[in-house]
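Two complexes are shown next, each including chain A; its partner changes from chain B in the first to chain C in the second.
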Partner chain A sequence: MAISAATKAATDALAVNRAPVSVGAQEVHRWMQSFTWDFEKNRTKYSTKYKMANDTKEQFKLIAKEYARMESVKDERQFGSLQDVLTRVDAANRVHPKWNESMKVISNFLEVGEYNAIAGTGMLWDSATAPEQKNGYLGQVLDEIRHTNQCGYVNYYFAKQGQDAAGHNDARRTRAIGPLWKGMKRVFSDGFISGDAVECSINLQLVGEACFTNPLIVAVTEWACANGDEMTPTVFLSIETDELRHMANGYQTVVSIANDAAASKYLNTDLNNAFWTQQKYFTPVLGMMFEYGSHFKVEPWVKTWNRWVYEDWGGIWIGRLGKYGVQSPASLRDAKKDAYWAHHDLFLLAYALWPTGFFRLSLPTAQEAEWYEANYPGWYDMYGKVYDEWRARGCEDPNSGFLPLQWFIENNHPIYIDRVSQVPFCPSYCKGASTLRVLEFNGKKHSFSDQWGERMWLSEPERYECQNIFEQYEGRELSEVIAEGHGLRSDGKTLISQPHTNKDGKLWTLDDIKKINCVFSDPLKAL
Partner chain B sequence: MSTNSNAYGSGIMAKTGKAFADEYFSEENQTVHESNEVVLVLKKSDEINSVVHEILLGDRKADNPTLIVEDRAGYWWLKATGKIEIDCTEVSELLGKHYSVYDLLVDVSSTIGRAYTLGETFTITSELMGLDVKLQDLQTA
Partner chain C sequence: MSIEVSGGRRGLTDPVLAAEIMAAIPDQPLETQRKMNYFMTPRGKRINEYEVLCCYSQPTPDWIPGGLDWGDWTQKFHGGRPSWSNESTEMRSSDWLKHRDPAFRWHALYVKDKAEEWRYTDRFLKAYSADGHVRSMDPVWRDEVLGDYLGAFGFSEYGLFNSHSSVVRDCLGDTLRMSSAMIGLDKVDNAQMIQMERTFLAKLVPGFPEATDIPKNEWTKGVIFKGSREVVQQIWQETYDWNEILFSGHMIYDPLFGQFVRREFFSRLSSYYGDTLTPFFINQMQLYFSQTKGITTDMFHTCLAADEQFGAYNIRLMHTWADKWLPRTITALKDFMGIFAKIPEIKGVSDKPAIEAALNRVFDDWKHDFADPIGYKADTAALVKTVLSGLK
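Showing the complex of A and B:
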């Protein structure tokens, strides 16, 4: 009987590549890689200007069986700890209230990043031609699904077992009004899944994962432990056990294009754009969450950044690639300035805009102010004295009629949103690397906080058309916008966000906001 | 405090306030500097604690005098010059049960450097695997 061409091809391949007698994982891995496919007609959502080599390796030699066994052990340990001992010792109620609020942001936002990384690595699977490289990307797709569930579970656990559930549950409903959401979508979504596939890999794997997951997912666990949170280390350190393969995937993406002529033309620009894109958001937001969202401090954020971002990622990843033409990111000087000051700038604005958030913030105590001044000389004169003034005006008390946003208006310090990163900034009152730049395109004004984002915008302005909250809600009264944007707790009148974490403190309601009559205006209209 | 340059709080990290800021913002520190170090983050667990205490800081300590291990609450932070290697056949003997390189990967939380497996050995190296050095497949008889 005649056999089909496919059966004949398989039979011929097996004759050459005998199946291993043993079932050793790496022996099976080697055998499987000798079978390949024709990827010439590969189709992917976004193509790449680089040519990826078809002999790229995967560093961990994983096969599905070992992968599944490994991941199931991780899950058994993680869920076992959470559902047994951590519940028994009432761990979620031992967390410091300030840190409880930080985890509303960290885990909800990371969940979005993990979800988008599923699509990003799926696109890379489509783009690569080397079987081992595809194998690495495929493992990552599965990891990202696991991580999405894990992050969701962290907020579910905190909401169910812990204190002040509002914000842990259903944070996403506030995404239209929360000023941190859109910037988060820029780094965690757009940067991972839109544009040249290799550029997405550089954003996601080489910068996002190899660089910023170390502070975001590893160092965060130290802050969590110090502030009584044992859930986050249990889950996040388990997430990070997959990230090392993702970092290797990013490195192998670079290996696969290293000999392509396009790399010498484009790689440094793509790397700098990715570095600036990721740092522009992560640097201030993580610094703010760690320092201002904790009671017990581990170390100054700038030291954490210096260690994981500058010395280790910069020196060990990027520095070692120097002989292949990879250069120190041109934006590093500004990034370092941001790492020292931008999280202080951002907290000032975040506190001023607190009613639009989904988590509670609290002003630094006198003890914390001393810590800030000791570690960031000049902190008090810039920030500390402002907080003293806000506190004296009763910013925490719903009866005060004072929102810190009024201070910016009274002192003529307009707040803008950077069009590319969507991060808010106040150019007349900041110490980070932000200066105001305004450009007009298609009859619309756009504000930028730095030359790096401005350059990216100039090369593809149609990519950055997202409306910011000042444009979207111009002329609208704040309490109306909060109600419309689902910023209320289940009683339908109390705000999710609050300007303090004092459990005995009075909570602000929609009526308290309404009587202040705060109306949104677009600062670009005044220029 | 350790005087090893790989220690968590060594160099600029030992400085505070203005002294830290002066070095951090100095002109020479505005570009990255190539580093021959590697960093490994191991999630604490029953097996990993044994690997750290009995092998890396025990039987194998003399193999790598540059290795620093620091307790960072939920994880062990390791830094060394050149490379760190863990042979899981040795771990199996220590634990008295089969412990493959994939069992080790259950608790390897982060790597800075090029990490790879070959047989039952896990390696993280500063070498540029796939560029300067070829990544090997398992060779069988």
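Showing the complex of A and C:
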């Protein structure tokens, strides 16, 4: 073949060009937008009512190898700290027992969110049409694998080196027994992967990550440090360095649909639903884990919530999206009310159902009761006196034969599960805003605790058919449920969960539970 | 003391806080079983770190085999479709969580390898350019083959990369999901490395076009990649079954078309044209191919074909899928034969006997590694003959 004049000139020039050069990541990335091509059946497999723009850019502009370099550097620092200095100072055995228990839940439940976000961002990678936008979501897919592994590593570390491995060592198997699991699946699992792809992005990136990862992954590190836990900040703050890119992905999702007519019709409704979905669980659960799952307190949860959720997210972050027509959710005001009492209401129920957990819970000490009353005036009259009564009846002692759940039955305070959020509530004994609403559909009763969830269900009841723990366990005796759900320690008889963290306190066994003969019933059947 | 602490006081190092914490800690650990995931069956003798960190992170209920949860999904798609379901694939398994990456790579190990490859790539490119290596490269090979056709092949890699998005969304196991994301990232890495080589050449060779428009035109309108473009589009966007996507891409198309193009065309021929640059990148792609082969043969052979309950059915289905995707891949290879008319012939290297020998190597490897383990019968000699009929 003949060589063109241009090719010959180029070849001749090589004789004088021997400078050492390489290619930077940005020099490759700038061509990425042209990596795709049009063809007839090029469309997403996951429908969305929005149209994502073809020319959407991403902000962080990584290529595969540069992504790996960046993450590898972070891993070296993080695992170096964990495996070297923290192990040498026996750090896992210098954590307050109450916090050791909280990390069984926090790390494992965050892992579920991270894991499902792999699938959620896989769906977004499929849905986006712009290669740069796909690339941003792809980076997040890999990040979420990282975070899944990191969260697992926290439980792995505590199990291997800490004071009570039970629950850390089998959280993935035992977590499904108790009342917190299904609600967690709604926000951290199904909410990220099941629905309109953009709606899932709003749940995951715009609300889950931009709003609640701040308290969940950042604020939690202050509580961990105060209670002697340096492992969690080491891992979680490394996770958070990736979350910035995820928040940017959420921002770009909104940018990509901003010019679509559907956005003006649906975006704020989807955002409101996503916010309520996420806050309905996280507001009470995070507050409960922080305040009731710690010995040393950093600040009242309501202050943390107000700073991260109300001001930072509801004001600043959503404010930045205002130019695209995004408004602060209408439900934000109701959520703010929940931030004050909902976690206290939830702990009352969680403690009452303690045998179904995979962690140990503790009643507030006198010192803590004083702190609660100082920060939440009226706390003692509602909750403190109940805990005093339970303690007096021997709820911590396996010989007492008393489970706090009995108190609710004796006092005719039925516990319901909200069908949409799967969060338990007791309408007749709460200070939060929960009110009982019962609707019947296809011969089945459904309970709800608020108007926002009820509206979601009324619009699409087929999306929220999941049975709750009382329906699932109805007629079954408690010890049977615990044994079947693997809620026992390695001796085969002692419960993983316990109603105290006293170092000298007796531990409950399956036989202690069996003697009480507690049989589950479905409160909706009584209506 | 007050239990509210402020000013960043740390329980590990603050003597007052530490004393109170230590007083509350039990004298002896409360549990003797310290191995996380101790309940699981490991692939090897012991549960390894990969299995600890990855296995059973998938929160599916027990009606999806392998799941440990119970009940229904708490939120479904509009209309009531479940979050994950057995119906997302025609394959059947008694345990969707059984797959293992043979290299046991969790995220940290995966990115560590790739980060090393990136650093080495940077050092290599600097040394290559400082050495003036590019002077030895045949200019036609450089400007036409690498500029146009290697660039066009990058779209095949990019399309295959995109086929993994719905797999990552829909598949039913944790290790499956992580492996699928990693082999997807390797594919986009291949596409990016091809562009990286073209950008590098543009820096060294005045006038060498690094823009993607010419290769894209070749990919979308040319005849050499017509068949492969159609297969890639079908895998990426017309196939909904996540197992079929992986099977068609990694058990049929890439081991045949991808292997021939990468190993037997670009890598083998490049040295004859004075090109020592392309093999550097192709060898990284071949490493990824090898790792992917380990992953997908574990998925399809070790897990699905050997499934005690569903193995026979799965093998029949794999045969059906092979019957569907093999002819398409043969057409892709046949179209690709047109490329040999674009390069100067070198006897014993790019003439018909050499091409036939190269095709035989690829088809023999495929038969040995992919077809034989599931008892799939293919007349490779006839297939090679069909492909060769595409030579101009």
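Keep this in mind: the second predicted complex is superposed on the first by the 489 of 527 C-alpha atoms of A that agree within 3 Å, B and C clash if a C-alpha of one lies under 4 Å from a C-alpha of the other, contacts with A are read in each partner's own complex, and residues count from 1 in each chain.
In this text, a residue touches a chain if its C-beta (ideal position, glycine included) is under 8 Å from a C-beta of that chain, and two chains touch if they have at least 3 such contacts.
Everything quoted here is computed from the prediction, not taken from an experiment.
Looking at the superposition, the partner that touches the larger set of chain A residues, chain B or chain C, turns out to be C.
Residue contacts after overlaying the shared chain place A:314 against chain B, while chain C stays out of touching range.
By the touch criterion defined above, A:66 reaches both chain B and chain C. Judged by the touch definition given at the top, the superposed model places A:193 against chain C, while chain B stays out of reach. Of the two partner chains placed by the overlay, only chain B lies in contact with A:214; chain C stays clear of it. Contacts of chain A with chain B, set against its contacts with chain C after fitting on chain A, overlap at residues 20, 27, 66, 69, 73, 222, 225-226. Interface residues of chain A, counted against chain B in their complex, comprise 20, 24-27, 29-30, 33, 56-57, 59-62, 66, 69-70, 73-74, 77, 210, 213-214, 217-218, 221-222, 224-226, 233-234, 237-238, 240-241, 243-244, 247-248, 251-252, 255, 258, 302-303, 306-307, 310-322, 324, 328-329, 332-333, 336-337, 340, 374-375, 377.
Residues 3-6, 8-12, 17-18, 20-22, 24-27, 29-39, 49, 52-54, 56-59, 68-84, 106-108, 110-115, 117-119, 121-122, 125-127, 129-132, 134-135, 139-140, 142-144, 154-155, 158, 162, 164-170, 174, 177-178, 181-182, 184-186, 188-189, 191-192, 195-196, 199-200, 203-208, 210-213, 216, 219-220, 229, 233, 237-238, 240, 343-344 of chain C are the ones that touch chain A when the two sit in their complex. Contacts from chain B toward chain A in the complex involve residues 8, 12-13, 16-18, 20-21, 24-25, 29-39, 41, 43, 45, 72-75, 100, 102-103, 105-119, 126, 128-131, 135, 137-138, 140.
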